[in-house]
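The following pair of complexes shares a single chain, chain A, combined with chain B in the former and chain C in the latter.
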Partner chain A sequence: MSNTLILLVILGLGVLGFFAGRARAMATAEGDRRNLHSLPNYYGANTALNAVVPAAVALAVWLIVQPFIINNSVSDMIDQGAIAEGSSLGLIMSDVRRVAEGLDVAVAQGAMTEQDASDMQTGFTDVRERLAEVGVALGSGVSAETLLAAQRYREMAWTGNWLKTFAVIAIAVGGLVLTWRVITRDYRARNVVEKGVLTVLILAASIAILTTVGIVLSLIFNTYEFFKLYPAADFFFGLNWSPSFSGRGQSSQLGILPLLWGTLYISFIALVVAVPIGLFAAIYLSEYASKSVRAVAKPMLEVLAGIPTIVYGLFALLTVGPLLVDVFGEGGMLGVNWMSGGTAVMTAGLVMGMMLIPFVSSLSDDIINAVPQAMRDGSLGLGATHSETVRQVIIPAALPGIVGAILLAASRAIGETMIVVLGAGAAARLSLNPFDAMTTVTAKIVSQLTGDSDFSSPVALVAFALGISLFVVTLGLNVFALYIVRKYREQYE
Partner chain B sequence: MSDATTDMSGGKSAPAAHGSLLSESPLMKKRNAAEARFKMYGLLAIVIGLVFLIFLVVSILRNGLPAFTQTVVNVEFTLTQEQFDEAESKMLKTAAYTEYFVNDVTQTLQQRGLDVDFDGDTIERVMGKVGGDLRTFYRENPDQIGQPVEFELSAASRVDRYLQGQLTRDMVVDGRFLEVADLDLVDALAEAGIIGSAFDWNFITGTDTGVDNPGGAGIGASVIGSFFMMMVVLLLSLPIGVAASIYLEEFAPKNRWTDLIEVNISNLAAVPSIVFGILGLAVFIQFAHLPQSAPLVGGLVLTLMTLPTIVISTRASLKSVPPSIRDAALGVGASKMQSVFHHVLPLAMPGILTGTIIGLAQALGETAPLLLIGMVGYVAREYPDGLVSGLLDPNSAMPAQIYTWAARSDEAFFEKAWGGIIILMIFLLTMNIIAIILRRKFERRW
Partner chain C sequence: MKDMIPVDRKMSTMQDSKISARGVQVYYGETHAIKDVSVEIADNTVTAFIGPSGCGKSTFLRCLNRMNDTIDSARVSGDILIDGEDIYDPRVDPVQLRAKVGMVFQKPNPFPKSIYDNVAYGPKIHGLARNKADLDEIVEKSLRKAALWEEAKDRLDKPGTGLSGGQQQRLCIARAIATAPEVLLMDEPCSALDPIATAQVEELIDELRQSYSVVIVTHSMQQAARVSQKTAFFHLGNLVEYDDTDKIFTNPQDPRTESYISGRIG
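The block that comes next holds the complex of A and B.
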């Protein structure tokens, strides 16, 4: 039976269980619900949950475990010595699976009988041709051993599927009957159901941890693979970035330093734009602006934060880049020739700075507003002007929070992808000229992993090593920033 | 205090001479000037920010609006029965139709005193395969033969750009797509008022084309792709996010495990989106063998990204429900679970929905993770046919489609990319306005 059908049967049993459990509860209570411990629906829900949940869990576990078991026992059939040069057990096993799936398709389409499929021998039939008839293309001819293994594979899968169907439905029926039998008028059905719901809530909350674990594991495993193929010291201290696809990427030079330089340079320019503008905007909005100005200007600035980064990317590539070339490029307004193409550190940095303005301004705004009014009053009372108060009292008091905000903005800038993919260029280089095209860690992660890359060459795997570096840096900045902000907040609360 | 009194009595440091309160001392002047400057800096910063915003919006609109119009040629054309029979009997049937069309247009132009020399190839370069279109039309509608029929033919994208002034005669290189001489015909048509512009519905409803037909590219299929992704995000992240927030806000004991969860959620909110893309690639595609470029995978990745946003806003709105509601429910005998699900959750619902819509809007514009799960290399040529195909078949999504167009070398696609951004922004604006209305209408101050 197909998995969908099994699932439907389980759910059907659940519905049945609900009504059966409810009916039994009402029967034990002599038809008066006031005699029951819980509301009647809780008895029904309890029965239904006990029928559905264990069976569904069993089904899920079975679906994960069965392929492993079959794989192991079938790969034992393949003679280790028979594996050809340049091939591997994994490749042969994927051949076996393909043939087995092909046979399934052929049987399903009626091109073969079940008997044919399991008795077929390479000596008598051209398996490849017969499978091609039903639209399953095989890369190479099928050896006798592969076909035998495939037939064994199908056989085991067939037995496994029937066992699975029986086991899962038996568990569902068992859960239903057992729960149904224990129902009495004093049975605490509500407590049991609520415990179940609480478990679901805990599981949902744990998904956050699962995601982090998933991120860390997927990065670490692939990075480990990468460092088996490429020395870690060369990656962290190499000054050259030139991936080469010849010889399965063995001749590439994959040093992270040029990318890191590009990332930091662009982030630096972005912060040079965003921090003064954002900070002054925050000071003006919280200290000087009238209520009506604030009501208009603050949301307008925050619109900048809600615009998707792809829009900024396109804006950098098609508007800001050409504009900068008109000014700084050859024959431009300044008469200098510093810039040869629209994509440059300056382009990406300026646009990223625009994007970060609301980030800096709204965080700083909150922090400046959190400085107690008594400090302002004290300073003004001593005769300081408003700006002197801001510079000498408020900013020093808010400084840890502002530093935190700037660090958060820096972490955003380092992790930003679309603006640099479109606006910064593709060439990795160590240069001081802000009008040169440079590239960043994020842009290279995209370019190494886009398209049909194969995950066994260092050229693709390097993206994971870049990813883990990025993850560690941004996480470190965030944790540090939150630590500073939190420590500061404690002073006034 | 004692220091101050000794100072006062000693009178060692003589106070500076006080001038009149009505006239500013030089120092005061300086300080007031600094004050004015400081205030100016603040105002300037706000103005710069707003100028950036206006510059961005203007550049989106200026570059994107042309994508919604299309140059069309309106020609009245009559085909007689004899012409039809004659054309159908020829070897090169479409060429015959093209010839009739050329004669017709030449006549029309001559009637208005314009004389241009052109042939079927010119027509094909300027308006596409007219002969074939005419033939299909008359074969499908034989009753229209002998009557004047108004044809609206869409012009090639290069003609489009020529008429908008983006392409000048000097820039045209003779080639397969357009020759300089063809522009004489375009000018004549423009003078005769035959050529005009119409709203390009194809851009909204159409699908992406290959690299050599920028004029026909539309964003429709990728809107559907985005729609399916948002469905996945909504169906997964709303229940999971709400369940997680209820646990953390209402039930969680203060222990290491819940601390760990809280730290994780706040950190995940700050992880760069590209890292989520790597996670999606490694877990959903490499490990679980889900299909590449599928909206389902995109939806799963975006769900993980959106969860922290939804959890944070849901917890805020659960927190804003006053404890008296919970106490009242508990007081009349509800269990803790019942008080939460029957009373607190419904009251917090408007806030939760607002947060969800804002989270969805964020997810809708997110591009970087989609690049890694293969949504960019794919040319979305057709609509999915059904729910399962919509989830599992390769498709594009709005931001991925915009990126694809921006990355193509043909400049004609840039206009499409800007146009796509306008559509994306309309969706985002609508979602945010709905969120604001929800908040205004249902938000309760306790």
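The block that comes next holds the complex of A and C.
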């Protein structure tokens, strides 16, 4: 039976269990639900859960374990000495599996009988030819040993599948019957179902956490590979970034500092733009704007946050960059020649700042609104003007939260990619001139891994080292932001 | 400063009223919250506003320093004169007015600043101190008047929010006194305090009478009887009765006042 079918059977048993459990509960309560410990549906759900969950878990485990067992027992059949030069057990095993699948297909299409498939011998039949007839192409002729192994493989898989079907359905039926039998009017089905709900919640939380752990681990292992090929000191302290794709990475210089400098410089400019504008917008919206203005302006500002960053990138490339060149470039309005092309730190920084405005303003607005009205009343009652109240009472009271908002915006700026790719250029450079083209860690990760990348060369693996460096920086910022927000959260209570 | 006023001006000179309200009406949107209230509040007197919840006593109190201006939907009509000057005249700056008419709120609301900065806040924004020494003096004097100096003098640089509830409320009183007001409005100043802190604040209110005209809104009739010389009873937005406290509590003229005081309504 196929796995889908087994699953459907289990689910069917679950539905059956639901109604059976519910009916039995009602029966023990003499038809009056008030005599039951839990609502009738809980008894049904409890029975259904006990039928479905253990069986589904058993199915999943079986699906993982069975191939291992079959592989091990079949590979024992293959003589270690018979493995040809340049081949390996793994390759032979994949041949075996391929032949086994081919035989399955042939039987399914009626080109062979089941008997033929299990009794066939290389001495009498050209297996390769016969399989080619049914559309299964094999790379080379099939040796006697491989065919035997494949036949053994099929046999075991067939037995395994039947065992699996019986075992899983037996577990489902067993779960159903056992639960059904213990149902009495005092059985605490509600508490059992609650435990099931709790398990689901815990699973959801662990998946989120485990994903993070998995991402970090994959970064760490690849970074470790990278540092085996490229000295860590050169990576962390190198002042040059010039990967050489052709020379197998031998002549590459992969220093993170120019990229880190570009990242921090662009983020700094972005924050210089976003923090005052966002903060002032938040103060206006939360303190001065009338209800009707606020109802329109706040969603408008938040629309900015919904624009895809690639669109900001286009805006940087096509509008802001040329505009800046007109002002600061050669023959520009100021008569200075600081800027040679549209892509520059300034271009990316300005546009990224615009992108961050809603982050800062929206979070700060919430935080300012959370300052109790009593603070405002107290200050106004002492004869302070509105702006004195804002400056001297509300902003200080909201400051920890605002700092948190800024740090979150900063970590967002550091991780930003598309605006940088389009707006800042691709040249890794250590320069103080904000009108120079520079690049960032994220943009370089993209360019190292786009196209054909060979994951054994440092030029590609460096992306993981860059990634983990970036991760550490933004993680540090986030932890710091959370610490600040937590530390001062309860100040006015 | 105002505490130089001779103390012998007592209840006998009732005609020199500090605040006189005439025909005051307050609307919150469509709701008519205060209906034609006229009242004369004397200097160096504690005047208590009593009445059931929602009767408009706090609303009326907030009219006296134009705190209702901060509520968009509130409209005030009628005349309120302080020292003969109409405070709703367009020439009057509500900010200046609030410096002259201090306010203490129901819940202690110290700023998240040090104790010193809390008290110095008003003097600083109104430029009452020429230098640091001046400011120090104002802070000390205000804290002394609010009976908080002994407890707070060693921790002036600690946050005001770290004080106990009763201390916080006295800090708020000190903060209000520091701007040298002439009138002190108190909106249920003891409702968030325990009995001991309440007793301390009440004692303080009685002392403040020497220098200020104090108007206190309270839910507790015992408190009104203890601290005030004059009492006004509000009911459903009307000023029902306004007289000497003794008279209100012993011989009320209006049956509604009598019912409220004896616990039959409210």
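Everything that follows uses one rule, which is that the second predicted complex is superposed on the first by the 273 of 493 C-alpha atoms of A that agree within 3 Å, B and C clash if a C-alpha of one lies under 4 Å from a C-alpha of the other, contacts with A are read in each partner's own complex, and residues count from 1 in each chain.
The criterion applied here is as follows: a contact is a pair of C-beta atoms (placed from the backbone, for glycine too) under 8 Å apart; a residue touches a chain by one contact, two chains touch by 3 or more.
The structure presented is a predicted model; accordingly, all values stated were derived computationally and were not measured.
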Once the structures are superposed on A, label A:T385 by its partner contacts, choosing first (chain B), second (chain C), both or neither.
both
For A:M375, is the partner it touches chain B (first), chain C (second), both, or none of the two (neither)?
second
What is the contact status of A:L432 with respect to chain B (first) and chain C (second): first, second, both, or neither?
neither
Based on the superposed arrangement, let me know which partner A:M333 touches: chain B (first), chain C (second), both, or neither?
neither
Thinking of the overlay built on chain A, is A:S290 touched by chain B (first), by chain C (second), by both, or by neither?
second
Of the partners chain B and chain C, which touch A:I64 in the superposed model: first, second, both, neither?
neither
For A:I215, decide between first (touching chain B), second (touching chain C), both and neither.
first
Intersection of chain A interface sets (partners chain B, chain C):
385, 388
Touching residues on chain C, where the partner in the complex is chain A
65, 67, 70, 72, 95-100, 102-103, 105, 107, 109-113, 121-122, 125-126, 159, 161, 172, 175-176, 179
Mind listing the chain A positions that touch chain C in their complex?
290-291, 372, 374-385, 388, 392-393, 396-397, 491-493
Contact set on chain A toward chain B in their complex
190, 194, 197-198, 200-202, 204-209, 211-212, 214-215, 218-219, 221-222, 276-281, 283-285, 287-289, 297, 300-301, 303-304, 306-311, 313-315, 317-319, 354, 357-358, 361, 385-388, 390-391, 408, 411-412, 414-418, 421-422, 442, 445-446, 449-452, 455, 463-464, 467, 470-471, 474-475, 478-479, 482
Of all residues in chain B, which touch chain A in the complex?
31-32, 34-35, 37-39, 41-46, 48-50, 52-53, 56, 59-60, 63, 239-241, 243-244, 246-248, 251-252, 258, 260-261, 264-268, 270-279, 281-283, 286-287, 304, 307-308, 311, 335-337, 361, 364-368, 371-372, 374, 376-377, 399, 402-403, 406-407, 414, 417-418, 421, 424-425, 428, 432
